[in-house]
Amino acid sequence: MDKATKIRLLNTMLRIRKAELQLAILYKNGKVPCAAHLYEGQEAIAAGVCDHLTHNDCLTSTHRGHGHCIAKGMDMKEMVAEVCARKTGCCGGKGGTMHLFKPDIGVMGTIGIVGAGIPIAAGIALAMKMKKTDYVAVSFFGDGAVNNGAFHESLNLASLWKLPVIFICENNHYATSVAVWRSTSIAKIGDRAASYDMPGIHVDGNCVDLVYAAMETAVKRARAGEGPTLIDCETYRIRGHYEGDDALYRKKDEVLEARKHDPIEYWKHELITEGALTEEEFDAMAAQADAEAEAAGEFAQNSPFPDPEEALMLTAKC
Amino acid sequence: MDKATKIRLLNTMLRIRKAELQLAILYKNGKVPCAAHLYEGQEAIAAGVCDHLTHNDCLTSTHRGHGHCIAKGMDMKEMVAEVCARKTGCCGGKGGTMHLFKPDIGVMGTIGIVGAGIPIAAGIALAMKMKKTDYVAVSFFGDGAVNNGAFHESLNLASLWKLPVIFICENNHYATSVAVWRSTSIAKIGDRAASYDMPGIHVDGNCVDLVYAAMETAVKRARAGEGPTLIDCETYRIRGHYEGDDALYRKKDEVLEARKHDPIEYWKHELITEGALTEEEFDAMAAQADAEAEAAGEFAQNSPFPDPEEALMLTAKC
Amino acid sequence: MARRIRFIEALREGMRQEMERDPSVFIMGEGVGPHGSAFKQTDGLCAQFGEERLRDTPISELAIAGTAVGAALMGMRPIADLMWIDFSMLAMDQICNQAAKLRYISNGQVKVPLVYRMSTGKSKSNAAHHSGSFYSWFINTPGLKVVLPSTPYDAKGLIISAIRDDDPVIYLEHKLLFNTRGEVPEEPYEIPIGVAEVKREGTDLTIVANGAMVGFSMAAAEVMAKEGVSIEIVDPRTLMPYDGEAILKSVRKTGRLLVVEEGFRFCGFGSEIIAHVVENAMDALRVPPKQLTTMHTTIPFSPPMEDYVFPNPERVVDAVRAMLSA
Amino acid sequence: MARRIRFIEALREGMRQEMERDPSVFIMGEGVGPHGSAFKQTDGLCAQFGEERLRDTPISELAIAGTAVGAALMGMRPIADLMWIDFSMLAMDQICNQAAKLRYISNGQVKVPLVYRMSTGKSKSNAAHHSGSFYSWFINTPGLKVVLPSTPYDAKGLIISAIRDDDPVIYLEHKLLFNTRGEVPEEPYEIPIGVAEVKREGTDLTIVANGAMVGFSMAAAEVMAKEGVSIEIVDPRTLMPYDGEAILKSVRKTGRLLVVEEGFRFCGFGSEIIAHVVENAMDALRVPPKQLTTMHTTIPFSPPMEDYVFPNPERVVDAVRAMLSA
């Protein structure tokens, strides 16, 4: 990995982190009209995966998709404004925090139904294949999705048809209040790839270099027409399931322990020790990300709400 | 396996075979009002599995479920009469060939929707467990069902909750016109058990002794509260998908080859070589099964059709 | 002096009392266990009954619904929480093809005594995937019963009746009602399925409203009362089988029918009630019947748009005025 | 001298011509490939276009429906065959939560040009899991269009329009119609979605009928004609958005409305049409409107019971007589 890439990955993680913290504040201040699911602590996955993608490559995501959109290249302003229900949001306020779209950069939707993005990503990959491109599709989903039929049916079909799709499972150990061991009969989710004669890779999702490397292999395979890969990224959901969730269903120390493995701290330390980064440079990057997030928050709050009547645009008239 | 068991297994297979051939004739003669899916060639599975079950144990089955019902102890008359849409059928003519019930002997339904019986069997097993019995549930399904979400979600749940359920996949190599390799991304369906941390056993489904042995292990495990097992029984669909299906989508020799491995011929030969059976005894058993099937056909044809108005019994009135 | 508690407490009390009375009753769903469910509907129940009877599940709606069917076939009385009605789309086969049909197909040899609980309707910017009200699909399915309580009293009585019923019952919980308060007796009681209640007596116009729409209609009725208009409000409580007689009785008295409901209009509950009334009592109608429903669009996220597409008390008032000046 | 072909040939020809015209059109489903589909709808197409464009799938309804959505988002025009409408219950989330909503949610940034084909209605003892007609669920879902052809001519024109439409379209194929014959032009043509056709002109009573019910109603009209009763038959062809104006026009002329359809009554298409007419033209009705639907029960297997629960020409005649003597 060259230095530019290393720095870019760090920057992407920082930008996601700052955007989410900004949204946490906006939520507290009543600027977000509904509970939002924040991505803090999982930034290495979005960054490491999306760094391999161009705007021609597409992703589908989940209710916890802000980070994926930013990593894929969405303007932070558009994302934050959408979450704040403004007309200037990427979906004009129609979608909201769980429904972000930006097709021209390959964001084919963050989706509110667990697992629903998986077959859609397979279908996107099918189109890419039928059109004889070497583009790839990526589907992000959580550990909660791997026990849903959509996961099973889609991985089988993708393998059967050798579709250029990469399945990214973000195992953050919880699905709402349900710990992964309570819902999933197997210890390593990546092992389920074997059921579909598909490579399954298990990585520490808090180490961006490992995620990046796993994705490199998977993307190469997909672009070469050799089919899909399942990447099982182990991480931890630092915050509650949604803003406002007291998360009393888990032990405080568990969270404190997890915080020690912060993906940004890890990568910062790596880069500094190997001399690719100085504390000053890091602080500058962080400050810049902060400023961008602040500006996005400002932009959102200064943006108008949509007019009520806009609700009926795009609706089949009867 | 004692001699009585060996003979009983042979007899069960013969009775299923003769019943199905009887239904084939009744179908030709227009006595079956819709296409029926016959079980010829797969008898060893129903026989080997159900021989381990008592009336307290329950099964769910599929559109191809006649054989399972007979093996579980359903009166041949009731089964044939139901398939012939008569009032004397096990469901009074309401269910038909794809919907056979006899709860007092544990036939909790053959179901027309592929895969739908799998979660239902898991639920039956859940009840057996919550009631602290040592009863077991069995779910029969075809190779076509293993790519459906119902299979995945149910096996995960059953393993997680250590439910006393045994999943019997009858891989007869076809799902309607679709060969199993066209629909299933893995060579050995039994290997999918690993995705659920569940034992998976692969057996030649045309060898009743092997099916019997695999089931013995699985039932012991289930009754001991150790959880579910997936048994992958490889067999072949000798007839068309349904009566009247020309099955031009497969080669004649493929079928001829498969016919050589007839499960009844195999078991007959085994028993005769080891001296547990004579040709004469076999012919006598076959003749008796024939007579029973004939009688069932007679019974069905001499039975009245239900009155039209019976259709509205049992319907919530509004 | 009667006790006033919240809707969610009434619902929870009904479930608790049935679980105390009948060991075959249990609850399964995502987060129903130690956490006490998405809206805290089962808060405290796991502590009382244990994880064996409050079963956390994976996100496997089809298996949740199907496992409930299997358990019910064996004489258990499962309550399966599917969280938002929107997620039931993943379980339709088990709900509408299996649970609804097995008793009939088996010629009455089995019964399927279970309850599918689902939250429904508008909340605050729940958007396209968490604001569903498509209970008309269940109403359309022979073999299912559907209830939608509008008060804490009805919430408790209907959950008890639903649990005791031998057929599958869809129990709908409107998100806007969870914290509303009302009088609720301590002891267990049933509200018969299929029986409507006149929530307000009146003479000039009949409003048939359900769930949160009952409150909106009561508010509208207050406004109209000041203008000397007397509105009768009929709450079916059970949407299937609905109490057609009670509705006809009211319309024969008032001569005017407005249906206020939150589902979509086309093939919805509003159209059903209007059809029922005109097929059976058209001559009683002095003006054409009307319905006020959620507008026929995917539900938008942003509050101004979201508020615009759903019914509200002002819209009810406008609809009533329009009918009276017709 | 115009060509007469079978319904299934007309449907197939429409698909073939669109696939020849537009390389983005492809078909996926269980057995659509070399075998040519359950009812031979795609017979010969695999030989012409290859397995890349006639894709056999596993029995994965949810993934079939969802993969079609993804491909459509990328500009392909998938036709997903779900075989029997009954199996679509396993795909409801992708059909009604995803395909129907993504264009709206994305604020028009994406479109979802796909067709879900499903066979519907009564056949011969298809029983509880293969006789569904619950298209009212799709009608109830904003973002979906629903068509149900009753003739070979309509079958071809509507499949072509459905394929060319930029929104998801549910294309229903009635099993009893596959082998019916009619005049069908060789060249491709569209039948605009949302436009009804008067299949028979009359003055005394309007029958709104769809799919196989059109033929039943035509037969009934013949019988009544001998008794001097003139029946008008309006076939909506598109069930959503339906042609409300055409229906009102006919009812204003005849003053009597009977809806004949195969879905279930409660929250069904019959109730919808009746509600539409009384809300907009009650004064035009000389007698209360009626509907003839499949009885509200799970579908039984045995022919005497099965025949009993479905509409048929005799029942249509009885219903017409009852209305005329009202």
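Order of writing sets the labels: A, B, C and D. Residues in every chain begin at 1.
The rule is simple: a contact is a pair of C-beta atoms (placed from the backbone, for glycine too) under 8 Å apart; a residue touches a chain by one contact, two chains touch by 3 or more.
The structure displayed is predicted, hence computed values, not measured ones.
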Graph distance between chain B and chain D, where chains that touch are linked: 1
Farthest chain (mean CA position) relative to chain D: A
CA centroid of chain A to CA centroid of chain C, Å: 36
Rounded Å distance between chain A and chain B, as computed from the means of their C-alpha atoms: 45
Mean-CA-position distance for chain D and chain C (Å): 30
Distance from chain C to chain B - Cα centre to Cα centre, in angstrom: 40
Touching two or more other chains - residues of chain B: 91, 94-95, 99, 111, 113, 147-150, 153, 156-157, 160, 182-184, 315-316, 318
Sequence positions of chain D contacting 2 or more other chains: 57-58, 60, 62, 86-87, 90, 93, 97, 104-105, 127-129, 142-143, 240, 266, 296-298, 300
Category of the chain touch graph - line, ring, star, complete, other: complete
Of chain A, residues touching chain B in the complex: 147-153, 155-157, 159-160, 182-187, 191-192, 194-198
Contact footprint of chain C on chain D as seen in their complex: 62, 86-87, 89-90, 92-93, 96-97, 100-101, 104-105, 127-129, 134, 136-137, 139-143, 240, 263-264, 266-272, 274-276, 278-280, 282-283, 285, 288-291, 296-298, 300
Chain A residues within the chain D interface of the complex: 58, 60, 90-92, 94-95, 99, 101-104, 108-109, 111, 113, 116, 118-128, 130-131, 137, 149-150, 153-154, 156-157, 160-161, 313-318
Residue ranges of chain B in contact with chain D within the complex: 33-34, 85-87, 91, 93-99, 111-115, 144-145, 147-150, 175-178, 182-184, 249, 305-312, 315-316, 318
Contacting residues of chain D [partner chain A, same complex]: 26, 52, 55, 57-58, 60, 62-63, 65-76, 78, 93-94, 97-98, 102-110, 142-143, 145, 167, 240-242, 244
